[in-house]
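Next come two complexes, and both contain chain A; in the first it sits with chain B, in the second with chain C.
For the complex of A and B:
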């Protein structure tokens, strides 16, 4: 394991010459015979041993910039590059291919977002690392350096046999082979769970201290950049609009776009009582035509939810008295699957979940991948029927769902109007009434009528999620299920959608069940939080209380793993165990920092029990499944 | 092929600069170039004139030829200069004869007329076989894919059974049992042709059926039938059409082979395969008698394949 001192630049010989230098870099790409300038005059220098975070939303040109830096712009897009992109003194746009290849081999290392697509699926990971490192022994050393446990055993594993976090570490091991001067990391943690993300960020920060290499960290998440970067460059529409020391940019942003981005970003300190800032409305100073294709449609997104009046957020509506609208009792769900080596296995997605949801309440289900939160939602939706136990709720037509990937949840060849009208079938409505209902639904989600004829591919990401919401609410449901509806959206769009869900809930008095892996989002949308780990609830309670005083060590780790500037990186080790072989007793015990002797076999430790004094109503709702009951 | 079409038609627009095509490059791994895999084919960008060859023009031309050929087939009875089954000139008139452009055969029948009508039979029959295969295979495939489970297993095992039959042998058997003739040839080929479409359509439906939009449609209250007709079938159409259009050439060839073996229409009906076969004995002395109908088969099959390619290219582009 690396020595994990707090990140600090390491002096590595002469620092006079930067590792990489971009000067007035302009890149234009051609797509469908239309030429767009994607990078529009970027000046950036990356010093030796420096971690530079490039932050921008999708379409900001940050990825194209990194491709230009590697000299790997796709030839099919007929790239035109002007200005300078130098790595180690070699211009990656104009130098001969041999020279550029030499730079890529010796000076650069790359970590992409999804290691599954960048690792060779047919090769054992050890050989892939050895190919870059030169020898098996060196490969094992590298695998150990990036924190892969038992590298000798993992050497012969194939990529699909590893978890996402381990795969990304393998990718990092390949990237650091040959001691590169600069590592380009393009959204390296976006596909990872939050606790694993924290671990990978630690590894990356550790590399710089250990090897003295520079890192160009490309991310959409200001928090991630803030966590490890020394310097942050904010990109918007192909330009660096602000650049400076990480803390300076975060605490005293100069550019309105950065300010908007910061305000739209959700953190555990975001004020809950008022609509979220949607950020980009503040960037009005920018040229509205400045954006690339991705940016353009968002300009047409009306900021419906931004009413300046402070909206009283409905708090838990006296749940002790009101009727439960949804009652889950001992819900278990198992699937017959094949494990990584093709053997038959049982995947226990839900292992006994008992939960009541009150009418009008908003409950957030939080957990990492494999926690069963999505399966639970699907069971409630009636999409998953292979469960035991009981789910008592309203009839299916009163339950609607919004999916994670709105684009994929809309039938690609049907227009918005067709999708909305479908929900009104079988109702005794005249043609005019139907039209009226469709128009109302669109109006509620703030979409212009011109979107009626549009197919999903013609809409922007935010618009698609609005269409999905309109479809779910055109006939008001009693329960609205949301499966990470904002995780694929840029911050400002996510804020818009969250505001919208809140408004809809208020207007229609819906009960909302919201699945998310992001505590900051959960805190905004919900009254009550339910934390899941490997198919069981480990903690439930009023959202503020759970986040402020997490009673389960896992919840505590989740809270700690939310990235941000000057945040203590969490100490939790390992990754969520496989639901195919959940640990006995309390499933969290192998990772638990406060594990007790009884934990591997405990039966009480997996029951939710109240903590705190009986008299306190608030505290009585706070329940935890842990042998320590929050006393640690 | 099907996946390419599927992805394209799913129509997920990638904003330029948002997510550039993932490249295969792995730093330090020799041999991994940065050129996106899907783009390696085709002309290098920037070659003058490349656009003319890679653009839509060639595809449109090919489709125009395809349409022209179909029109020719439909109008053949009106267009032919002579009665195809009666001797109308001297035997063995060579190609280029002023009266008979493509010459005459051993009993003096006009080869141009015979070939045109033979092409008509082959072409129209091929279209019908493919259309029938598409409909039958499509229905079976959609049912198997959409219902899954037992329905899927039963339908697919039946399909497998048909798929296991060697097409030529079945055709011979049918022709032997029912006697040679146009209807029987059609039956024989159709019996072995639809299972391919059933397989392809079923696979496509299964991959669509697990996509979120199908679940979303269920949540929206759509019934099984509606999910099938509105949310599954339209997604399969492009793949099916592309497969079918690429297939016409193969049917043309199979028909010609059957006819060559004497399993087509009985003489003296004009048929390309049979005419080639009967003329084989004249190959050395009067080459045009077997070569003209033989070339016609080649032309049909070539045009069909190029046309199919063109259809695929245009549909892929449209996504």
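For the complex of A and C:
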């Protein structure tokens, strides 16, 4: 799928010499006038044409290591480097700036995590590529090579006029300009939709085959690393704790930390009935001085004491009585917006959603960006009022919401106690009773009382999400809305929060509506799955059933796109269309591998219809909106 | 297309604003003790002559009618006739405005140079950054007129480097199409005159520029600091570009947004400041004209100048907005 020929004859030198060599690399950075050793003695070699995956959680030092490799450690952090960090024989820490710049220009290519922020918003993408490629013609050749359709027309586009997947391809085009020996990819797919992630991983894996370059793939997701890496190095607290062939590390991990990481990772095979492994401790929570930094205290042996939360976990199944607590009928939501060229346009976030949520059940809304899942949640929460159709549910005070970015959803200058007390305002409670309620709420989410006086900036990411949950549940709501509450957290923290939501639900009998882009997460938290695409529901049903036998081609693509070792990633073309111009009929038809003639105009194929045996309980019924009704 | 519509919208806003301004001015004129007849005929005119003048000037008509007449005149570009100079106010403004424009444009240029020097030097931690900053802070805390007087004492009286007043050493040496002496002299091929004019311009422009320079410089500086931290700057460096190229190509354009709108605002203030500084330097601009009109209650003149300045203020902010849109394609006007 890649059409790449080296622009110039490649002289790679002796093939046995590694492209990059790190020897006893130590990097310390200073923040708020405190110096921390972030990389603590890393030895790593990257061979010619080799793909090395570096896996670790936030704070493991993996990104700092990659910046050291580029010679781009932030000067404001006053970096101190010892040991060797060589690319093509040039030490990126000690060589003169001009020499390091030459290496960056000729030997290195970089793909960063978020292509929206990593591309210059005010420069046409063609010029950004040409800046690295040398000429507009070469830039167009590269844009075509990474799979950007009509590169001549796209040359003059600005980044905000492209979709996320195309933007990341532009980043890759910049990275491969000048035919580098090593490409450093730092979480290159984390900010992308799952189906797009699969496409970009294929492009990256193809680079090695076509260009013969080496790739250093930095990721928090073992599944992503396993997908393309030959060799995996696991980092923890600034050290490489395990290194070996990819399959070996995955199937016979030697280090307890790697084992913990593997166990905490959610996949579509994770056992649902048991509490999730949270073996990797929330390092930030252990160290009262760690502040915002979820980094392990230096000197601790990396998570040898694997601690498993002994939470009894029984699947709470939806109650047999079928009573809707929330009833959505033909909910439509449109916004007047400006398109990329500043013209007036209508963004159809929701295009007729009808859904019943039963009392006590947990429903996961799954979809990619633009599917309308978050708008739906906001409408239910009463935060979005510009909708038509009806939403019948409990009063707003019985509905509470937890957001993705717990840090941003907590008022920065209020202490945890003030944030919790705020929710009790207007209730007839004595001061002692209020204190008691606050303590109970903290206790429920497993936070020590010492966090009462702390402001959000003094808490770790996992702790902040717990405070957000405590705030949402201090007055028990009937419905808890969760908008991707774990997607910004490391695996172990995410597992912790998922366990917590499960427990809260069991203790308080709440109904949970959980929005996520991650099927593995949806499968753990929910009884029922509702898959959304461009503002409509395309499939609903019991979660295990939908994942095991997806009836909509889109659901099937989502299930297949979950990365993992030795999984053949599916060829699903394109990206979700813009909600400003959704395709007619079934909106999925331009990407559908089994499209029928009637799909572009169907009215019937967009209605959810029952399939499979008729269920006694509404919530167990499997439904799909597809002309094929799951028969393909 | 969107840009044209935006400008049209701004023009409409301008019209509404000027209408409101005209009403305010008219009411002020009504409630003030000023007697236009006395201003026109002098204190010794006979009662009959006064009455005849009142009738001729339409002062006996009811107020709404007079207001409509007034606005009708404004629409056709008739700002009235000055009681003092007996010339149409529009002509007077045509005479005095170019001097003020030259002063303010000169000050704007100086302010921008100082602002960029301040912002870039402090972001890149150049040596001398502290000095630039210190001087700007000191200057901006001093009132403009005092700054002008101090400048005169140092550069005119003590050092004798710069002239004290006026636009040129020998008046009326050039007559050009723009009315801006420096430009006209260059167009006429008289570089010596241009240099002379520049020397006259430098001190008042500097006095006027210091305050705005600091405001613009601070906004630009914070823009630069934010942008230097951006991911795409890291991408640019990872391409192996030199630091200077990274700054010029990637950082600057993404940092100017706030500075542009601040410049638009400051430009308005500079016109107000110019009125004061003109009297310090005997600069023959709108300030001098206004200064002579106020004591004799020459309302048409005062109102005319107020109108023109209001229009310039809105126009300069509109220009700043359009420039912002040009700098950042994501801004939909």
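Please note the rule applied: the second predicted complex is superposed on the first by the 572 of 632 C-alpha atoms of A that agree within 3 Å, B and C clash if a C-alpha of one lies under 4 Å from a C-alpha of the other, contacts with A are read in each partner's own complex, and residues count from 1 in each chain.
Operating definition for what follows: a residue touches a chain if its C-beta (ideal position, glycine included) is under 8 Å from a C-beta of that chain, and two chains touch if they have at least 3 such contacts.
Note that the structure is a prediction, hence the values are computed from the model and not measured.
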item: First (chain B), second (chain C), both or neither touched by A:132; value: both
item: Which of chain B and chain C A:110 touches, first, second, both or neither; value: both
item: First, second, both or neither for A:122, with chain B first and chain C second; value: second
item: Dominant contact partner of chain A by residue count, chain C or chain B; value: B
item: Chain B versus chain C as contact partner of A:397, first or second or both or neither; value: first
item: Which of chain B and chain C A:356 touches, first, second, both or neither; value: neither
item: Partner chain(s) touched by A:160 [first = chain B, second = chain C, both, neither]; value: second
item: Touching partner for A:610 - first (chain B), second (chain C), both, neither; value: neither
item: Touched partner set for A:457, first chain B, second chain C, both or neither; value: first
item: Touched partner set for A:409, first chain B, second chain C, both or neither; value: first
item: Chain B/chain C common contact set on chain A; value: 70, 72, 104-105, 108, 110, 112, 117-120, 131-132, 174, 177
item: Chain A-touching residues of chain B, taken from the complex the two chains share; value: 9-13, 15-23, 25-30, 34-36, 39, 44-46, 211-213, 215-222, 226, 230-231, 234-235
item: Partner chain C, residues of chain A touching it in the complex; value: 70, 72, 101-106, 108, 110, 112, 114, 117-123, 131-132, 158, 160, 171, 174, 177, 338, 341-343
item: Complex contact set, residues of chain C against chain A; value: 2, 230-232, 234-242, 249-250, 253-254, 327-330, 332-333
item: Residue ranges of chain A touching chain B (in the complex, touch as defined); value: 29, 31, 36, 38-39, 58-61, 63-64, 67, 70-78, 104-105, 108-110, 112, 117-120, 128, 131-132, 174-175, 177-178, 180, 238, 292-295, 381, 383, 397, 399-401, 403-405, 407-414, 419, 422-423, 425-426, 455-457, 468, 471-472
